[in-house]
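In the two complexes below, chain A is the common chain; its partner is chain B in one and chain C in the other.
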Partner chain A sequence: MVNVLAATHPEGTVYGEVGDVTVPLRFSAAPDALSQEYAALRERAAVLDLSGHRLIEITGPGAVEYAQRVLARDVEYLTSDRCMMSLVLDDAGQVVDQVLAFGREDGILLASSCGAGTRLLEHLRAQADDGIEIADRSPELVLVGLEGPYAWGVVGRLIDGELASLPFESVVETTWDDVDIVFARTGFTGEYGYQMIVPREAAAGLWSLSLEHARPAGQEALELAMLEVRQPMPRHEATPGATVIEIGANWLVDVTKEAFVGREAVLAAFESGTGRRTIGFTCADGVPAAGTRVMAGDQVIGEVVHAVHSVGLGTTLGLARVDRDLAAAGLRLSAGGVGVTTLTSPYIVPKSWSIPII
Partner chain B sequence: MTIDELRAKAAERQQTCSQIKKMIVSRLDLEIEPDWITDDQPLFGRGLELDSLDVLELYVAIEAEFGVALYDSEMAVFGSVSRLADEVNPALRAQG
Partner chain C sequence: MALRPVVVTGLGIICAAGRDPAEFWRRLTTGQGGLTPVLDEAYAVFEARHAGQVPEEWITSQLPAADAGLDRTAKLALVAARQALTQAGARAGVQAGTQAGTQAGTQESAPAGGPGGSVIAEPGRFGVILGKCQATPDVAGRYQPMHRTGDVLAERLELRGPRILVSTACAAGGNAVGLAMDKILTGEADAVLAGGVDPLLFGTYAGFAGLQALSTGPCRPYSRSDGLNLGEGAAFLLLEPLDLALARGAVPLAEVAGYGLSADAYHATAPDPTGRGGAAAVRRALAAAGLSPQDVHYVSGHGTGTPANDAMEAKVMRLAFGERAGQVPTSSIKSFLGHTLGAAGAVEAVAGVLALRHGVAPPTIGFDTEPGDAPATDLDFVPNVARPMTIETVVSNNYAFGGNNVSLVLTRPREPRPYEELPRREAVITGLGPVTGAGTGIAEVSAAISAGRRAAGRAPSLDGRTYAPRSLWRHMNHLSRMAIAASRLAWEDAGLKLPRKALDDVGLIFATGAGSSESTGGFDQSIALNPNKPAVLSFSNVVLNATGGAVCQTLGLRGPTTTICNGGASASIALDCALELIRAGKAEVVLVVAADERAGGPAGYADQDGVVPTPYEAGAAEPVPGSAAVAFVVESAEHCAERGGRPYAHVLGTSHAPHHPTDTPPRATADTPSSTPPDTADAASAVGRGIAAFAGAAPGVVVGAAQDEREAAAVLAMGAGGVLTSSAALIGDCQAASGAMNIALGALAVRDGIAPALDGLTRPVAGEPGRYLTDPALPEPVARALALTAAPGSVYGAVLLGAA
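Take a look at the complex of A and B:
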């Protein structure tokens, strides 16, 4: 899918395919592009092209009941001034996607994870029954994000300073440049975060104006910052056969809810107490590929799930899935012949945790 | 370290984490099994969705249960259960 904001991106933007979309990986081909964009996210404010997150609207008299069934968290009372993150599971308890659910007057609006829209839409339609309508709103609406310890200041300059201090996961309908938009306080990186659902024809204007106050950060910087605060990333972590428990995404599932697709499978995995668990790690040498075996002495105890070079740590940061009795921070193991040390999350403490909104 | 020594070290952290999870569920009256909370999930805002009042409750609970006063600590100590474990059981910070 073509990137809808591409015309506004700077020359030299490096694009890549993520699932079913083309997204800016970095907004420059310069060698330090990632570190500069990462610094904007962690030190100042970054504007995020989230147009690769598909917006799917569920309406009709049975919309809430249907959403309760297909979402793993409880959305029965998700009013139009709230949003929440949730997993979407299949009957086997496997992760279909991780969504941001917005309560709406006439139903619910889901933002898929980046590039997962087609898969999510197919799943939702396969689960659909009478009394609901499922519409892909991405042809008309675009998601734009702002994140960083000073992102609140950008909100003040762009829209309204009072919106910056909304409680986490609050949503308001407001206007920008006489255009109706949905504004939410939410995010992926642990920093102050905001997302705006904007009509497609206005998205380029909002994006361009945002750039007067914030630097754009691409998918690579965003995913690195997500990893650093252990924000689940299904496209890297939901490997075939891995249960929610093994992924460690329990918090995106509400087991106190009586019924939802995948509940029995998730509970069975939890109650079995078996399988592997996910743990962060660092190593001094290289970035081990996903699938690299993790060893304790000469015994295979798991494998690398995902690893990158962390700009913030100045070294490798990764996730490994290892035997449950060895899934703990502070252990020296090895991966691909290189020593690794398991870590406690968050691996980077967001600056926003110590900066008030003023 | 041998694999048995690694398992013993992991078990020590998991034991402390388990104790913290039981304390959180009990003190905050949560309707989940303590083990449903993972060692590394966020606790505030995202994740367990605790708020500032919950933090106050946890300050008191941690001092009562572990004899550790965290009142002047940065919010980072509440970054995850495993991070809290480092605070209430400093022996866990030694690498194995």
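Take a look at the complex of A and C:
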């Protein structure tokens, strides 16, 4: 899918394919583009092109009941002023996607993870029953994000100061530059975060407005910042066969809910007490590829799930999935012959945690 | 629409910053704070030791000997209340605010007349509305009913008009002043003594210490904001209509131009960080006053000195006053006297009136002006030095646990002017939500009534469905769960489907006799074990409005909200508040929810089938205590018709009468033979006065509250052939929830033609068995039903419902 905002992105923007969408990875071809964008995200405020997150609306008399069945968290009382993150699982308990669910007056609106919209939509339609309608709203609506320790100030300048200090996961309908939008306090990076659902035809204009107060950050900076606070990224972490518990996304599942698709599999995984667990690690040399074996002495105990160079740490940061008894911080292990040290998350403490909104 | 102007004609105050209004004002304007270290050894366990304490001598020197045996709450309240009456009674020409204290100090007991015998109002039209946050320990430290202090005031000061105990925690004092204004606007009272009181209590101190909310030194609101100091005190304002005040030659000190209430619907203790809730209260208050933000000269802030409050309040200022925020001086007097909780709003209203009178804004003392220490701000907190300035309009704000906000608008007294009566607007009950031992939801309860079940003593069941998001539910105590379930059931029963925006204006009135005994017990136990390890989650639920706040949070209601604590009469008083909101155009839909639980919580239950006494049977045992929550939706008839709702009943009228058990018996009348013992005689006349308003209404069914001889006699004396029944066998005695259940049953009888039968009744306490309902299916449709509520020793209530 082409990028809605492509026309507004600067020349030199580096695009990449993520799932079913083309997204800006970096907004410049300059060698320091990633670190510049990352710095905006962690030090000031960055505007995020989230147009690759598919917006899917579920309406009809059975909408809430259906959403309650297909989402792994409890959304029965998700009112139109709240949103929450949840996993969508299949019957085998495998992760279909991780969504941001917005309560709406007449149903629920889901934002898929980046590039996962087609897969999510197929799954939702396969699960659909009478009394609900599932509509792909991405032809009309676009998601734009704003995150960073001073993102609240940008919200104040751009939209409305009152909204900056909205409680986490609160949603309001408001206007931005006379355009009706849905505004939510939420985010991916541990920094102050906001997401705006805007009409597609107004998206480019609002994006350009944002650039007067914040610099854009691409998918690479965003995913790096997500990794640093252990925000799950299904496209990297939901490897085939891995259970929710192995992925470490238990918090996106609510087993106290009586029924939802995949619940039995999750419970079985909980009860089995076996399997691997995911842990962060760092290493001095190189970035091990996903699938690299992780060793404790001469024993294979797991494999690397995902690793990158962390601008914040100045070194490698990765996730490994290892035997559950060894999924602890502070262990010296090796991956592909290189020594690695396991870490406790978050791996970077977001600056927002020590900055009050004034 | 200009409503009848309501003015303040008397002030009374006793707090750490002064024993009377004159001393209080002198100290506020000269920056002499009253925070001192607590010397009581019991407090040595806490790191934070500063508090606003009232010297014992200030109390004893102002109280007659007859009051010496009262508890501290009542003593503080009486001192301040008498000062207000004394000043209000002063004839024109006596300078206001200067002699009240000294006069009160030598006064024996000033009845409602004030000095010189000047009659302010007939006792029956003289009300008392008291705000209070904490429980009411007697001299030995045992809990008394929450409304006890109000009853003491009413008895000692001969106030026999509307009597309300409002307990919206730290917003209660301001809320009381607003409700007093309503009682004058509805015409129920010609004068109301409104105020707040709270003493310094060890448990509360430990709770705030446990929340890490106390400052280790004197608090420094709006600058260091490193915590609050607790304080104690009482403050009262005497409110009356401007025309009557002038007619009797009183000096109006200020007008109460309007007030606004709101719910944060955000969190049990933390304020909504956006300031939306606080700003909504200010906007509503200004709208009620017919004023705009431009008219406001000074804001008396809540300014507790905690970081959460002070940061939120700055946002309220910006939201409410926009670009003018920096030009509207706002100060907190809490650094003079500490946070007096339920009294704070009244204390600050007194300060607001004095600020108007003298044209001086009191300062925020302890304000840190050194650069670099405080976050940069454009707001004007009147740092450290009082400021003479033109003040025509004051806004006084308070924010409380449970997310209850209140804003009062006070103005300099204006000339008498034409006014309109508060419009009469028809209101209907459109949804019922009982959560009782007899069933959960109106369908189950109706079935139980038809089957003649006696479920008194049975615990309500909340199994089988959900009522709230699990993430909230799991932190709720039992009382809040019952209240949430009842509220949601009433809401669903009413068939209300309102968009988010409309929910911002839906009111919620919570009624409870004693709040959560589970949380109170748990908290007290934790303090007894170790004062430095209080059960903080329980502490946040000890305030009586916590459950109301939890309902607002769960249902997302952000309209006007308050909490009424008048024992078994709470629900009918809460209904009054709902009707006033609708009449004043402040809400179209108001949810009234009443909840109480038996001591010991759900575990206190045993299967008590077979031992349920028959109400009104001569010699029957006391009703079985129980737990329940009952909610009903009150809606303007207009709103209900527009949405095609199906009402249960019209609310045709409400009436309340005081009951003073210590009174001398009134002269014998038809319904109170002179041979009856004094208490019985007075109670009967109290019930009688309550229902007298509906003497000609001929209700087909009366749902009684007290189930005793005096009530039965008074009802049967009404004449018309209606039958008497009760909810006591069906659900037990559930205090405030029983009152709400009676109202719900009255509404059900009118629409669906059923009511609980008193089978087994053979020897009624009064009248013939034929005057009691013995078959749940009413023989013919009833056009009217009368529901009674009762808080013996305090207030009796009556609600007349008619077919819709």
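The rule is simple: the second predicted complex is superposed on the first by the 358 of 358 C-alpha atoms of A that agree within 3 Å, B and C clash if a C-alpha of one lies under 4 Å from a C-alpha of the other, contacts with A are read in each partner's own complex, and residues count from 1 in each chain.
In this section, contacts are C-beta pairs under 8 Å (C-beta built on N, C-alpha and C of every residue); 3 or more make two chains touch, one makes a residue touch a chain.
Nothing here was measured: the structure is a model prediction, and the numbers come from that model.
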item	value
Which of chain B and chain C A:325 touches, first, second, both or neither	first
Which of chain B and chain C A:178 touches, first, second, both or neither	neither
Partner chain(s) touched by A:11 [first = chain B, second = chain C, both, neither]	neither
First (chain B), second (chain C), both or neither touched by A:130	neither
Partner chain in contact with A:80 - chain B first, chain C second, else both or neither	second
Which of chain B and chain C A:358 touches, first, second, both or neither	second
Greater chain A contact set [chain C / chain B]	B
Which of chain B and chain C A:257 touches, first, second, both or neither	second
Touching partner for A:163 - first (chain B), second (chain C), both, neither	second
Overlap of chain C and chain B interfaces on chain A (superposed complexes)	256
Chain C residues within the chain A interface of the complex	266-267, 272-276, 311, 314-315, 318-319, 375, 377, 466, 468-471, 499-500, 554, 556
In the complex with chain A, residue positions of chain B that touch it	1-3, 6-7, 9-11, 13-14, 31-32, 35-42, 45-48, 74-76, 79-80, 82-83, 85-86, 92-96
Residue ranges of chain A in contact with chain B within the complex	85, 168, 190, 229-231, 248, 250-251, 255-256, 270, 277-280, 296-297, 299, 301, 325-333, 341, 344-346, 349, 353-354
Footprint of chain C on chain A - complex, ascending	74, 76-81, 105, 161-167, 173, 254, 256-257, 356-358
